[in-house]
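Each structure below appears as C-alpha cells.
The same subunit A turns up in both complexes below, where it pairs with subunit B and then with subunit C.
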Partner chain A sequence: MNRDFSIAGGSLLHRYDPRAKLLVLLAGVVFLFLPHTVLPSLILAACLAVLIARCLGSGELRRPVAALLPIFLFIVLLTPVFRRGGTPLLELGGVRILTMEAVSDIVTLSVRFLCITLLFFAVFRSTDTDGLVLALRAVGLPYGAALMLIIALRTIPSLASAYRDITDAHKLRRAGIGREERGSRAIVPVLTSVLIHALKGIPLLAMALESRGYGRRNPRSSYAVLKAGRPLALDFAAAALMVVLLALGALLLPPVLPFP
Partner chain B sequence: MKEESSSFPPALRLSLLAIMTAVTTVMTRLVQFPFAPTRGYYHLGDAAVYFTALSFGPFTALIAGGVGTALADLFSPFAQWAPFSLAIHGLQGLAVGLIAGKTGDSRVPVLRWILAFAAGTILLCGGYLAAGTLLTGFGAALAELPGNLGQSVVGIVCAVLLTPPIRIALPQIRSWRW
Partner chain C sequence: MSNPAVQIDGLSFSYPEYYAGQRNPVLKEITLSIPEGGLGVVLGKADAGKTTLTRVLGGFAPRFTGGTFSGRARFRDTELAGAKPYQLLETAGFVFQDADEQIITTRCDTEIAFALESLGVGRTDMGRLVEGALDFAGLSGFAGRHPATLSGGEKKRLLIACLKAIDPPLWVLDEILQELDPAWKGKLLDFLHDSGKTALLLDSRWSPLYAHHDAGLFLLREGQCTAEGAWVPPSRDAILAGEGLLAPVRAEPPRNGEPHPLLRCSRIEFGFPAPSSFSLHIEDLTIQEDSVCALVGRNGSGKSTLGRILCGLLVPQSGSVEWAGPQGLRADPEGLQRAVGYLFQNPDYQIFLPTVGEELSFGLRRQGVAQAEVERRVQEAIRVFRLPSEGTPPSLMGYGARKRLQAACYFLLERRLLILDEADAGLCYTDFASILEALRSRGASILLVTHDMLLAATAAERILVLDGGRILSDTRGLPAGFPEAGG
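Coming up: the complex of A and B.
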C-alpha cells in the first residue's frame, strides 16, 4: 500500500488541472441525478471508458467494471421486487414479476452508477495526492486539515509495512509454540501491537511539527503549487464546455428506449 | 512534552488526527477478518472508528473515522463511496464518542457503551442503506444491510478487546481526548 492512490503518468488526464477535475466531478454528479433521458448518460459512460482506457490503460478500466458486476446483479434481481407498479411485462399466476417501470429503473440506476463510478475513478486515479490536497486548499480546506491529510497519507505505507511485519512475527511466534489461532485470537494481538506502534509516534511527530513552527501565526509559503495563467484558463474552459454539452444533451437528445 | 488534561497543544492534536486517520485507512483496506460461513472477509474499519471514539473522544473519531474510511475508498475501485463514507463513519464516530463519554480507570460503563454501539450501528446501517438507495436503488441497498450489520458487530468486538490493553500499555493517551 503506497501513499498515492493515483497511477503515475503524463497523459492528458494526468495533466488536467485538479481544481478543474473537481469542478467536472461535481458537475457530472449533479447532472447524473437530474431527470433526463438515458442517452446522454450512455454517451458520458462511453466517453469516460475511452478516456480511462487511453489515459490509464485498458487494464485499469477492467478494475472498476469488474467490481461493479455483483452490484449490477443485485440491481437486476432486486429492483423488480420493489417496483411492481406500472405496465406489466411478465406475469406468473396473476403476480407481476417484471414491469416496464422496473426495467426503466434498472437501466437508469445501472447507467447512472456506472457513470459515477467511472467519473470518480478517472478523477482520483489520475490525480496525485499533492495535487488533490492543493486543489482542496484552493476551494477552502484549512491549512491544518491539509497538513493532517498529507501526514496521514505519508504515514500509511510505513504503517502497512509495520502491520505486515508484526503479523509475520506473530505467526512465527505461534508456529514456534505449535499453536494455530484464528479469528479474534489471531488478530487482536497483532492489532494491539500495531496500534501501540502507531500511538507511540504521536508525541515525536508533534515535537517535529512544533520545531517547524506549526501553530505560529506568521504567514506560510508553499513548496508545491498548481498551474496558473493561460494553462489553468484552458482547463477551466474545457470544464465549462463539458457542463454546457451535458446540459444540451439532456435537453435536446431524444429518448432512444421505449421509456424515459 | 507535557500531556496534561487541561492543555492539548495544536501540534499534538494534529498528530493524533493524522496518525488515527492513517490507522483507520490501514485497518479498512489491509486488515481482514475471515468470515467462515461464506469464506468472505470483514474489514476492521469500524473497529478503528469505535476504538478512536472510546479512546480519544467524539471529535477525533469524527475526523479520523470519516477521513480514514474515505481515503480507504479512494485506494479501492469504489472511490464513489468516499463522500458517503466520510459522512457516515464520521457521524458514527461522533455519536459513539459522545454517548460513551469518558471512561474511568477502573470500570467500563457497560450501559453507556451498549447505547453508544447501538447508535453507531444504526447510523452505519441506516447511512449506507440511504446512500445505497441513492446510488443503486433500494433493493440492492437492502441486500448490503446484513453485511454492514455483521461489519459493525465485528468492529464492536475488536474495539472492546483492543481498548483496555492499549490503555494499560500507554496510560498517557487518556489525556488525548477532545
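Coming up: the complex of A and C.
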C-alpha cells in the first residue's frame, strides 16, 4: 500500500495553490544557484524554517535538518581537502589545513543545501497527491508522467512503512534467542525482506492501476479541483512577489564571498 | 444451464519456468459457467490456483506475470482472458485477495474516485457516486482517512465500495469473506443477489451463506475444476470435508479442571494519535495456560491492537500486562516480545532467509543447539508442517506453504503464547487446523484472532468478543445470538 509524503492539515501552506508552489519552487532553485552572498540565502532559510514550524509543526523542522546532518559532515570534512588555495587560516607543518576560501565554500554549500531541502520539504510535505498531480498536469505534464512522478515520490515513505512493519515482525521472531545482533548483521535480514516486498510490489502496482482503468484512452476527469478566480489570483500574486524578492536579493547584492 | 453469463471453456495457464516452486500448468482445462445474475463459488485449498484464475479472468495474467494461457473465458460477449484489464473496467470488477496490493491512493474517497476518473465521469456525478459507495460500505465518515489506518476488513469494504461506484455487471471476488465480519458477509451476498449481479467468488472455505444464496459450487483441485453436479460421491459435505473446506467438528472436548493463568491484563488504555479516534479499554483479561482463546469482533474493533499490546509491540498508555504463570518472565515490552509469538497475516514479513532449511534452523542455531539436534528438529518441522525440502527457496513457494513455514519457525521457538492474527486467512480448515494442532502440541497457549465464527467455535475453548475497543463478552463457545452463519 502506498504511503504519502505529505501530511494532512489546513494551514496557510496547505491551502496555498500547488501551481503557485511549483512556481516559487522553480524560482527558489534558480535563485540558489545564482552567484550571490550567503546573506539572502540565510534569510530565505530562516523564512522557510519559520514557515515550516508555523504551518507543519516545529517537530517537522527536525526531519529535513536531521537528514542533512551527514551531508553537512561530508562538506566540512571534504571541502578543505579540495580547496587549499587562498588565505590560510590553519597550517600544520607547512601544510595548509584550512583556508578562508574553504570556510567560505563550506558556508555557501551548507546554506544552499539547507535552503533547497527546506524548500522542497515545505512544498511536498504540504501538498497532497491529488493537488500535485493536478498542478503537474496544469503545467503540461501528461497524466501518466505526473502519476509516475507521484508514485516515485511515495516510494520512500512506502518502503519506510514496510521497513517498520518488517522490523517489528523480525523483532518478534528473533527476540530472546541468542545474542542481540546490531549494525549490518541485524539490518541485512530486514532489508532482504523489504527488497523482496518491493520487488513483488512492482507487478502488483501495475495490476492495481489497470484494475482501476489506468491506461484507457478516453479523457480523464478529476475528483479533486484546484483553486480558481480570485483566490488563485491572490496566490499567484504572492508567488510573483516572492519571485521579485528573490530576484532583488540576487541582483542587488554583489556576487562576493561571505568572508572577503 | 440456460443463457450462461460467464462461460469458461478449457482454460489452462502456465507460469514461466522461473516460478520454480509453482506446479505447471497451474490451471488445467477449466470449464465452468455461471448464469446471468447467478453466484458461482470456486472452492479450493491454498495454492489450488484460485488467485491465478482471478488474474487470468481479469487479464492480469499473463500480462504482468508472464506465462501462457489457452482456452476461453467470456462474460456475455466480452472476452475476459487475454483482455487488457483497463478494457474490462465497466464489465468486470475485481477484488484481490490481499487488499493492500490493490489500494493505490492515500485517501478513501480518492481511492473510489480513481476508477471513475479513468472513465471520465463528471465531477458532480463522481461526488455523488463516491459518497454513495462510502455509505454502502459503511465508511461514511472515512472519506479523508488514509486506507493504511483501516483494519483488514475495512480495507476489503473500501475495495467493495470501489466496485459499487463503477457498478460492473460481473464481480470477481478473491477470498472476500474471510476478513469481513459476519454481518458484512451476509450483507455483501444479499446485495449481489438482490442487485442481480453475476458474481464469481473464490474461497478456501465453504460458508453456509453460499447454500443460503443458491450458489453454484465448483471445486478447484490441483488446477482442475469440477462443478458440484459432477462431484463423486455426490455428497457435498463429504467432498468438502475431504478437501478440508468444511469447518471441522471439534476434535477435542473443552478442557476441564482448574485453568492456570498465564498472562493477565488489567485496566489497559490505549489510543492512537489523531486523526484516529479509536481507543482500547480492557478492564480485565486473563489468558490461561495451555488453552486456545478466540478473539472475534467487527472490523476495526481493536483485535489486532490488543494482540500487538499483548506481544509488546504496542505499549498501552496506562494499565498493566503481567505474567501470571511462569516465574522469571518479564512483562515489560521486551520481555513480552521474548515470550509471546505473533504470526503476522503476511508470512513474508517474517521469512527472510534463502531456503526452508535456513529459516527453520535460524532460531535453533542462535540458541546454540547442537548440529545433530538442529537437523533432527528441522526434519520434524518439515514433516509436521508438510513443507517442501530444506533447499527450497521460500519466495518461490505457494501462499499456504509460506504460512506453514512461518508457523513452523514459531513451532521451533517454543513460545509460551502465540497470537495468530488472522493467520487463517487464505487457508482451508484442515491446513489451519494442522498448523494449530502442531503449535498446540508444544503446550503453547493460542490467541486466535479471526472473523470465522465456525473456526472460532470449533477450535477455541473460549471466545472473546471485542467491540469498539471493549470486551463485549467472554464465553465458552459462541455467545448466544451471535451470527454463526456468517461462517
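Simple rule for what comes next: the second predicted complex is superposed on the first by the 172 of 260 C-alpha atoms of A that agree within 3 Å, B and C clash if a C-alpha of one lies under 4 Å from a C-alpha of the other, contacts with A are read in each partner's own complex, and residues count from 1 in each chain.
Going forward, a contact is a pair of C-beta atoms (placed from the backbone, for glycine too) under 8 Å apart; a residue touches a chain by one contact, two chains touch by 3 or more.
Note that this is a predicted model, so its numbers are computed, not measured.
> Can A:Phe121 be said to touch subunit B (first), subunit C (second), both, or neither?
A:Phe121: touches subunit B, not subunit C.
> Touching A:Gly59 in the superposition: subunit B (first), subunit C (second), both, neither?
After superposition on chain A, A:Gly59 lies in contact with neither partner.
> Tell me which partner A:Asp168 touches in the superposition: subunit B (first), subunit C (second), both or neither.
A:Asp168 sits against subunit C, while subunit B stays out of touch.
> Scan A:Gly93 for contacts with subunit B and subunit C and give back first, second, both or neither.
A:Gly93 sits against neither subunit B nor subunit C.
> Touching A:Gly229, do we find subunit B (first), subunit C (second), both, or neither?
A:Gly229: touches no partner chain.
> Is A:Glu210 touching anything from subunit B or subunit C once the two structures are fitted on A? First, second, both or neither.
Both partners, subunit B and subunit C.
> Kindly classify A:Leu159 by the partners it touches after superposition: subunit B alone (first), subunit C alone (second), both, or neither?
A:Leu159 sits against subunit B, while subunit C stays out of touch.
> Could you look at A:Pro35 and tell me whether it touches subunit B, subunit C, both or neither (first, second, both, neither)?
neither
> Which holds for A:Phe113: it touches subunit B only (first), subunit C only (second), both, or neither?
In the superposition, A:Phe113 touches subunit B alone.
> Which subunit A residues come up in both lists, the one for subunit B and the one for subunit C?
Of subunit A, residues 1, 192, 196, 200-201, 203, 205-207, 209-210, 214-215 contact subunit B in one complex and subunit C in the other.
> Give the list of subunit C residues in touch with subunit A in this complex.
Listed in rising order, the residues of subunit C that touch subunit A are 55, 58-60, 63-65, 84-87, 89, 94, 96, 100-107, 109-110, 113-123, 126-127, 130, 144, 146-148, 162, 275, 311, 313, 334, 337-342, 344, 348-353, 363, 365-368, 395, 409-410, 413.
> Under the definition above, what is the set of subunit B residues touching subunit A in their complex?
The touching residues are 1, 3, 9-12, 14-23, 25-27, 29-31, 33-34, 44, 47, 51, 63, 67-68, 71, 74-80, 82, 135-140, 142-144, 157-158, 161-162, 165-166, 169-170, 172-173, 176.
> Okay, in this complex, where on subunit A does subunit B touch?
Residues in contact with subunit B: 1, 5, 63-64, 66-67, 71, 74-75, 77-79, 81-82, 105, 109, 112-113, 116-117, 119-121, 123-125, 144, 147-149, 151-153, 155-156, 159-160, 163, 182-184, 187-188, 191-192, 194-196, 198-203, 205-207, 209-210, 214-215.
> Going by the contact rule at the top, pick out the subunit A residues touching subunit C in the complex.
Checking each residue of subunit A against subunit C gives 1-4, 8, 128-130, 154, 161, 165-166, 168-179, 189-190, 192-193, 196-197, 200-201, 203-216, 218-225.
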